Each structure stands twice: as C-alpha cells, then as structure tokens.
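Several structures are given next for inspection.
Each of the next two complexes has subunit A plus one more chain, namely subunit B in the first and subunit C in the second.
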Partner chain A sequence: MMKEHPPQEKTVEVRQSAGKSFLFALPMMLLTLMMMLGGRIPSDPQQLFVFAVTYLFFNVLFFLMLHTGKTDRYRAIAFITFSLLFVVSFVSHMFEARGSMSLSHEKIILCEVPFCHLVIPMTLIPAAFTKTIIFPGMITGGFASIASMFVIWIGASLSMGRGWCSWGCFFGGLDDAFSRILKKPLLRKINPRWTYLPWAVLLAIVLTAAAFLSPTYCTWLCPFKTVTEFQAVTSFKILVQTIIFVSLFIALVIVLPLLTKRRIQCSLFCPFGPMQALTNRINVFDVRIDPDICTNCKRCVKACPTLSITEESVRAGRTLMSCMKCGTCVDVCPSGAAAFHVRGTPVEENRNMKRLLFLYVAFLFLATFSAGMIQDGLSRIIRLITTGSMI
Partner chain B sequence: MKRALKIAGYTWAVTCIVAVLATFIGNNYFNAKLASATGITISPWFSGGEIVGSIDHGTYKTVIRRPVFDGLIGERKEGFIQIEWQPVTVLPPVIEDRIDFTGDGKEDFAFRLDTTAGTGALTPRNPSVIAIQTLVKVNQGWVARIQLRKVS
Partner chain C sequence: MQGFVLGLSSGAVCAAYCAPVLVPYLLGEGRSVLQNFSALLQFLLGRLLGYLSFAVFAWGIHTSLPQDIVHRNLLIGAAYVILSGLLIFYSFFKAGRACPSAGGQGIDHWLRDSRPSLFLLSMGLATGLNFCPPFLLAVATAAEQASLLQSVLFFLTFFLGTSVFLIPAPFLGLLRGFYALHVIGKMAAGLIGAYYLFIGATMLAGGFFR
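The block that comes next holds the complex of A and B.
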C-alpha cells in the first residue's frame, strides 16, 4: 500500500547547474546546427536572421529544460510555436500556390494534395490489399509526399512512440495552446469512458476507408482542415462536410480544451493517437511512477492533459497507454516519483540520465522536424510586417 | 538477465537518437526506397487509372484511361472512366468525341465539350454509361469522369 503524506521536497533532483546544463546541451547545439543547416549556411541576410532566431530559440529552451528540470513547460513553448507557425507557413503556401485555402478539383485530379500523418491509419488496409494509397497525393517528390510522411512516421514511432503526439505532431500544439489559456478548468469532471472514443473513431475510419476506398476521416471529420486546406464548397454534400469539420475544430480544439484544460482533440478524438499507442509498444521510453517515493498527492492525475494517469495507474506505477510523454506529470510531481524511464532498466536508477536520453531523442526530433516550418513561418511574418503581405 | 536487459534498454535508447538523425538525413533515400520496394501507387479512384489509349486529333489528343471499378476485394458495381483532352498546340472551342472504351468496335458514348463555356454533354450509347461525374479544367486541358455501372 502506498503511503499518504503531504508533498515534500523532490526526492530526486533533476535540476542541473548552469555549467553542467551547458555541457549537456552542447551535443544538442551541434546536432541541431547540423540538422537545421542541412549542409549550407543561408546567404540571404533575412534568412540568416530567421535561422539564428530559430536556432537560439530551440537551444535556449533545451538549456532551460536541463537547468530547471522542467520538461513540459519548455516543450510546450516549442510545440505550440511549431503548430502556430506551421499554420502560418502552410496557409501562406496555399495562397501562394492556389490563391486560397480551398482545395480545387484540379489539385485532386492531379493528385497534388499534401499528405499528412492522420491519413496513415486509413491507408494501411487498402495498401495491403490493393497495393495502392487511397489519397490524392504524390508518392514521392513535391511538397509533403506520401512516402516521406511514412518515413517520418516510422522514424517517430521507433524513436518516440506516442511521444509523437507531444513532440512531433504539427496539429497537437493547437489544442495544447488552448488548454493552457485558463488558470483553472471550468469543466472538471470528464467521464473516463470518453477515453475509448479515439479507439472507436480509429476503428470506424479504418473500416469505412477500406470499404469505400476513400480517406473518410479527411473527407468528413478532420477538424484541422479549418486551419490548413479544405475542399471548395461546390455542393450540398461539401457544405455539410465543411459545417462538420469547422464545428469539430471549434468544439474539440478550442472550446473544450479551454474549459477542461485537457487536450481534448488529441486524447478523446484523434484516431492517430490510438495507433501511436500501438506502435508505442516497440518504443523504449515511457513514464513511470516510483511507488516507493510517491506521496499519493494525485497532482499528476489532476494535471495530466491527456487523461493518461488514474489512481489505479499510479498504484501500478505506470501511465495509461494514451500517455503522450509530454512531461506534465514529471513537472508537477512534488516528490519526483513520476519520471521518464527506459524500458528494461530499474525505475529508481539513473533518472537524470534516462530523462536526458529521452529529451535528446524527442527534442532533436521536434527541433529538426519543425525548424524549416518555424523559419518559413517567421519569414512570412517578417514579410507581412515589412511589405503588408505574407506571400 | 537484469543486467542484459539494462544494457539492451540503454543501447536501444541511444539507437533512438541515431533513428531520429537517419529519419531526416536519409528521408529522400528512404522514401524512394520505400516507394520502389513496395511498388505502391495512388489508388485509381484518385489517379483515374492507367492510360489504355489515345486518339490524335492533330491540335489536341484524347486520352482514355481504363474503367475503374476496383474494390478492396474484387470489383464494385459502380465506377467511372476518365477521359482527358490535352492540347498539342491548342484545344478547339468545341470538341466532339466518340469513345469506345470496351474495345468492341462500337461507340460507348459521345462527348461534346465546350472548352470556352466549360460545359460538357454526354450521350450514352451503352447502358453502363450513366452520367458526367466531374468535368474539370486541368493545366491547359480538360478532364472528365464518366460514371459507369456494371450491367450483367
């Protein structure tokens, strides 16, 4: 049985001195420099400035993660910035290429629609049976090709598992941002049964996509079409689809995260999450709660933005399979019982090293994946300020 | 055993850093390999299917793709055929084409395309030809998808 006593000083200290933090941040500085440069230094002064800002942004955040011992606080800054600037960059590109955010019949016929990871679960069964991808995109080449997104997904699954949802997904930062606006939640009670909904959505879209050979989630449900691209309303059917995805965006990405302080879209609706929960089985990192030092204060249960910690799971010393490795529980745990963990190793051993290993993987992924979009988004904003137009 | 598990765990964790680097540095290589190794293509429901014939009209050509009825397993009752009109020099204001997609020497439908007004008229000659599903201007040419239904 777990002891119940008031919060105490962190039993396990994860903070590091400035010197030590700098030393541990050095490999990240070199790796991010290498990955962000991609072998060439920007020649244009504005591009160089944007590169320097992005590079400093990431490395200061990583240094602070190590120095303060806080993970989620700085992860969220990078993750939310990524999502917001992704939207700026993507929408600007759409206006540049097509003159609007709407997807024309022409682009669908030409199979030039950018592919995103949310389509992946729907493509697997048809690909296995017909050797074709049920999406009007490009297999290779061009912007956001299908094969390149699959490679990124495989890499993310191997390296972070479901950590993708908190460190890699370019949509996740939007509901993460809205869930942080209010200090206290206005809606506290969420029936845990809702956590089965993403599994139901996943099953439904996989089956309907296989039956109709069409990416049904993209066509009917994806709320993120609101901030990326959508089919031009040319029929009553498309009007209904538009009403559905805009309503879902308002409800699941804005209003409910705002009221509950939870990532509702990511934890209670997105079908990609459950699939990542399955691929997470082959990932080496997870979050564990050491029962020997847990004070049973339940702060992690209250704070978890993805409803991945329950009293039972705390007793079992684990998070649920919906855990996105955001680090909120690790940050709020007053005794340091919640910690990043490497499978196969004792929970109580080398906690700092395990956290560092996870941060190297997850942060490097986030920085590398997002740097290009953040730089483009920043360039667009600078262009807007200086010329009055983003394109 | 515990020691072996521990070593395996830490090794795997370090390998994850390499996996991240490989994902991005080798993305072009891996995605080309993935595409060629799996031989995967875009579903004909989106690509329009393979080209099976073309008619040269001098200033433009008519491209005929195979009828698409593909299902997950077997074929569906409903499908479409995609016809494209591509300019060699320029498309005429009005195009009238007679299409035989079954290859039986008989015309299956006639299509009249008004390229200036962007309208099309379909005259079915075969009971499997139903209606115009889509008519879109693509680049300099036009693409039409004609709805088909299998007739037993």
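The block that comes next holds the complex of A and C.
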C-alpha cells in the first residue's frame, strides 16, 4: 500500500544542462532539416522565411523539452499550432479549389473528397467483405488520398500507438487548446461511465457503415466538418446533419473542454480513439507510474486531460489503455514517478533515455507530418497580411 | 430451394442489416452463449413473422411493392421508427442503464424484463420488414409465385438461408465477462436508435422534406 505524504523534490531528475540538451537535440535538428526540406531548398524568399520559422519553431521546442524536462508544455504548443494552421491551410485550399467550404454532389460523385483518419474504422469491414472503400475519396494522388492516409496511420500506430491522438491528429489540438484556456475547471465531476461512449460510437458507426455502406460518422456526427468542409445544404436532411455537427463542435470541442479542462471530444466521443487505443497494446512505448516513488498525491489523476489515469490504475502502476501519451502526468508528477517507458524494460532504470527515445519518435513524427501544413498555413497568413487574401 | 439459395447467397448483407440491432442487444445483455441462442431464436421468430406477412402480401397483390416508392417509404420508415423506439427504450430504460444522465425507470419491467420475448419479437419483426437488398430480390420473386403456399414457402426457405449468417452472433456471449461491453452495447443501441429514428422519420415524411 502506498503512503500518502506531501509532494517532495523530484526524486528522478529529467532536466538537462543546456550543453547536454543541445547535444541531444542535434540529431533532431538534422533529421527535421532533412525531412522538412525533402531534398530541395525553397527558392522563393517568402517560402524560405516560412521554412526557417517552422524549422526554428520545432527545434527550439524540442530543445526546451530536453532542457526543462517538461514534455506536455512544449508538445501542446506545437500540437495546437499544427491544428490551427491546418484549419487555415485546409480551408484556404478548399476556397482555392472549390470557391467555398461546402462540398457539392458533383465533387462527391467525382470522388474528390479529402480522406481523413477518422473514416478508417468505418471502411475496414466493407473493404474486407465487398472490396469497396465506402468513401468518395481518391485511392491515390490528389489532395489527402485514401492510400496516403492509411500509410500515415499505420506508421503512426506502430510507432506511437494512441500517441497519435496527442502528437499527430490534426484535429486534436483544437479541443486541447480550449481545454487549456481556464486555469481551473468549472465542471469537475465526470461520470467514468462516459469513457465508454467512444467505444459505443465506434460500435454504432462500424455496424451502420457495414449495413448501409456509407461513412455514417462523416455524414452525421463529425464535429470537425465545421472547420474543414461540409456538404452543401440542399435538403432538409443535410440541414439536420449540419445542425448536428455544428452543435457537436460547439459542445464537444469548445464548451465542454473549456469547462472541464479535459479533451472531451478526443476522450469521450471520437470513435477513432478506441481503435487507436487498441494499437497501444502493440506499441513499444507506454507511461508507467513507479509505485516505489509515487507519493499518491493524485495530481496525475486530476490533471490527465483524457481521463486515462484512475486511482486504481495508479495503484497498478500504469495508465489506462486510452492513454494518449501527451506527457501531462509526467509533467505534473512532483516525485517523477510517472514516466515514459519502453515495454519489457524495468520501470526504474534509464528513465531519461526512455523518455528521449519516445520523444525522438513522437516529436519527429509531429514535426515531419505537420511541417508542410504549418508552412502552408503561415504562408497564407502572410499572404492575407500583404495582399488581403489567403488564396 | 431457390429461396434457400437466394438466402444463402445474400445472407451476409442480411446479417449486416440485422447486426446494428442484434449486436448491441446481445452485448448489452451480457448473457451466456446458450441464452444468446435463445434470444436469437426469438429475434429470428419475429423476423420470420415479418417475412411471412410479406409473403402473403406479395402474393396477394401479385406485384412488387418495392417499386411503389411512396408505400415502400411508408413501410420502411415505420419499421425504422419502431426499431428506433425499441433500441432507444432498451438503451435508456433498462435497470442499470447505459446513459449516466438518464433519469427514471418506468414500464421497463413489464416490456423488457418480464416479457423479453415480446421485445425481441418486436425487434425481429421490425427488422424483417426492412427492405434490405436481398429482401427486395425475395419480394420480387415471391410476387411471381403461382400460389400463396408457394410464396410462403419461398420466404420460409429464404429466411432459413439468411439465418445461417446470424449463427455466430450468440458467441458474443463469450465476452460477457467484460462489464464494459454491457454498457457499450446499451449506449450503442441508443445511438443506433437515434440514427434509425431520423432515417425513419424522413422516410415517413414521404419525400416532403427532401
């Protein structure tokens, strides 16, 4: 049984000196340079400027992660920036290509709808039984093709498991941002049974998608259509669908995260999350709580934005399967008991090295995956300032 | 024999149409495999009643109702509304219900607990009246039968052929040890019920709102 006593000095020090942090950050600087350049230095001065800003942005954040020992604080800055600039970039792209954010029937029939990872759970059963992808997107080529999203998803799942939801998902940063606005939550009590809701949404959409061969979640529920694209309102049915997804966006992405300081959409509704949680089982990284160091202060339980730590799980020395590896618990733990961990290794050994290993994988993924969209978003903001138009 | 083969060849689609109703129920109940088989039989009996009533109807009118869009939408819409009512009722009013914020328990003991067969029969009947693609084929063929007996026999054998694909469903009982699945099943039933409610309502509106 763990003793409860006041927080003390961190038993395990994760801060590094500036010199050591710089040395550890050096490989990341080279890797991000290589991945972001893609073998070509931008010739346009504005593009070069945007590239330099993005490159510095990521590498300064990574250096600070190593130097201060704080993970979530700097991850959140990169992750939220990614989501916001993704919206800027995507919406501008839609206006450029179609003249509006709405999808016409013509574009749906032509299969020109960008594919996102949230559709993946619905496509698996119909693809297995009918060899059909039930989404009007392009298999290869074009903008956000189905094949490219599948490849990115498989890569992310193998490398980070559900870490995708905190390091890779271009929507997740939105409710993450709103959950950080207030200093203290106004709504504290959340019935733990609500954590089953994403599984129920997953079950419902998988079954209905298989029955009707239609991506039910995209058609009816996806709140993120509010900030990306949506079907043009041409009928009563589409009007109702529009009211539903806008209401869900306001409730799940803005209001509830604001009031609870939790990532409500990601942890209590998104059907992709439970499927991704299953990949946590096969992923090499997880978060562990060392019972020998833990002071049972419960800060991690209170702070976890995804309700992935309970008192029982603390006693068991681990997080729940739904853990998104955001690093909040690692940051708030006063004794350093919560730490990133590599499966199959002793919890108490080489903690800094294991954290570094995870950060290399997760941060490199985030930087590589988001850099293009961040650069495009920045370019469009500069264009807006200089020309008055984003497109 | 033709009905049975048609049922076998298109049964996977039938199973896909029945799964959104049956799977959440079986998961939510958390019963053993044997009890689930009993539940499946009750559900199938309801579905058979739906099929046979259609056999009589199809033979009686000697025409393919599916081509009559207005009446087809009315019937399917009504079936969806009934299904949605049953699913939402199941999700919200069962003792130890799924929705943490739902309040009140009323007539549930009468309809759900004391008469489970009535509940499953109703779900089976409403599912049986749905026009899934294989069912449309069966209706079209049954309408061409010479006698009422032939039409009924055709639907009976079609029903047997499609039912084969539902045999794995009771094995969900192997997962009954996971308490979380009981809650998830009931929550999913509510969500699917809400989805069916809107589909049914728009169909009943008969295209007025479309």
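FYI, the second predicted complex is superposed on the first by the 391 of 391 C-alpha atoms of A that agree within 3 Å, B and C clash if a C-alpha of one lies under 4 Å from a C-alpha of the other, contacts with A are read in each partner's own complex, and residues count from 1 in each chain.
The criterion applied here is as follows: a contact is a pair of C-beta atoms (placed from the backbone, for glycine too) under 8 Å apart; a residue touches a chain by one contact, two chains touch by 3 or more.
Since the structure is predicted, the reported quantities are computational estimates derived from the model, not experimental observations.
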| item | value |
| --- | --- |
| Which of subunit B and subunit C A:150 touches, first, second, both or neither | first |
| Touching partner for A:110 - first (subunit B), second (subunit C), both, neither | first |
| Which superposed partner A:357 touches (first subunit B, second subunit C, both, neither) | first |
| Touching partner for A:220 - first (subunit B), second (subunit C), both, neither | second |
| Partner, of subunit C and subunit B, that touches more residues belonging to subunit A | B |
| First, second, both or neither for A:342, with subunit B first and subunit C second | first |
| Which superposed partner A:139 touches (first subunit B, second subunit C, both, neither) | first |
| Touched partner set for A:250, first subunit B, second subunit C, both or neither | neither |
| Contacts of A:127 with subunit B and subunit C, given as first, second, both or neither | first |
| Which of subunit B and subunit C A:97 touches, first, second, both or neither | neither |
| Subunit B/subunit C common contact set on subunit A | 129, 210-211 |
| Subunit A contact footprint on subunit C (complex, rising order) | 12, 16-17, 19-20, 23-24, 27, 98, 100-101, 132, 180, 183-188, 190-192, 195, 198, 202, 205, 209-210 |
| Contact footprint of subunit A on subunit B as seen in their complex | 2, 5-6, 8-10, 12-14, 16-17, 19-28, 30-32, 34-35, 38-48, 70-73, 134, 136-139, 143 |
| In the complex with subunit B, residue positions of subunit A that touch it | 31, 35, 104-106, 108-111, 125-127, 129-140, 145, 147-148, 150-152, 154-156, 158-160, 210-211, 213-214, 283-285, 342-346, 354, 357-358, 360-361, 364-365, 368-369 |
| In the complex with subunit C, residue positions of subunit A that touch it | 129, 191, 193-194, 196-197, 199-201, 203-204, 207-208, 210-211, 216, 220, 235-237, 240 |
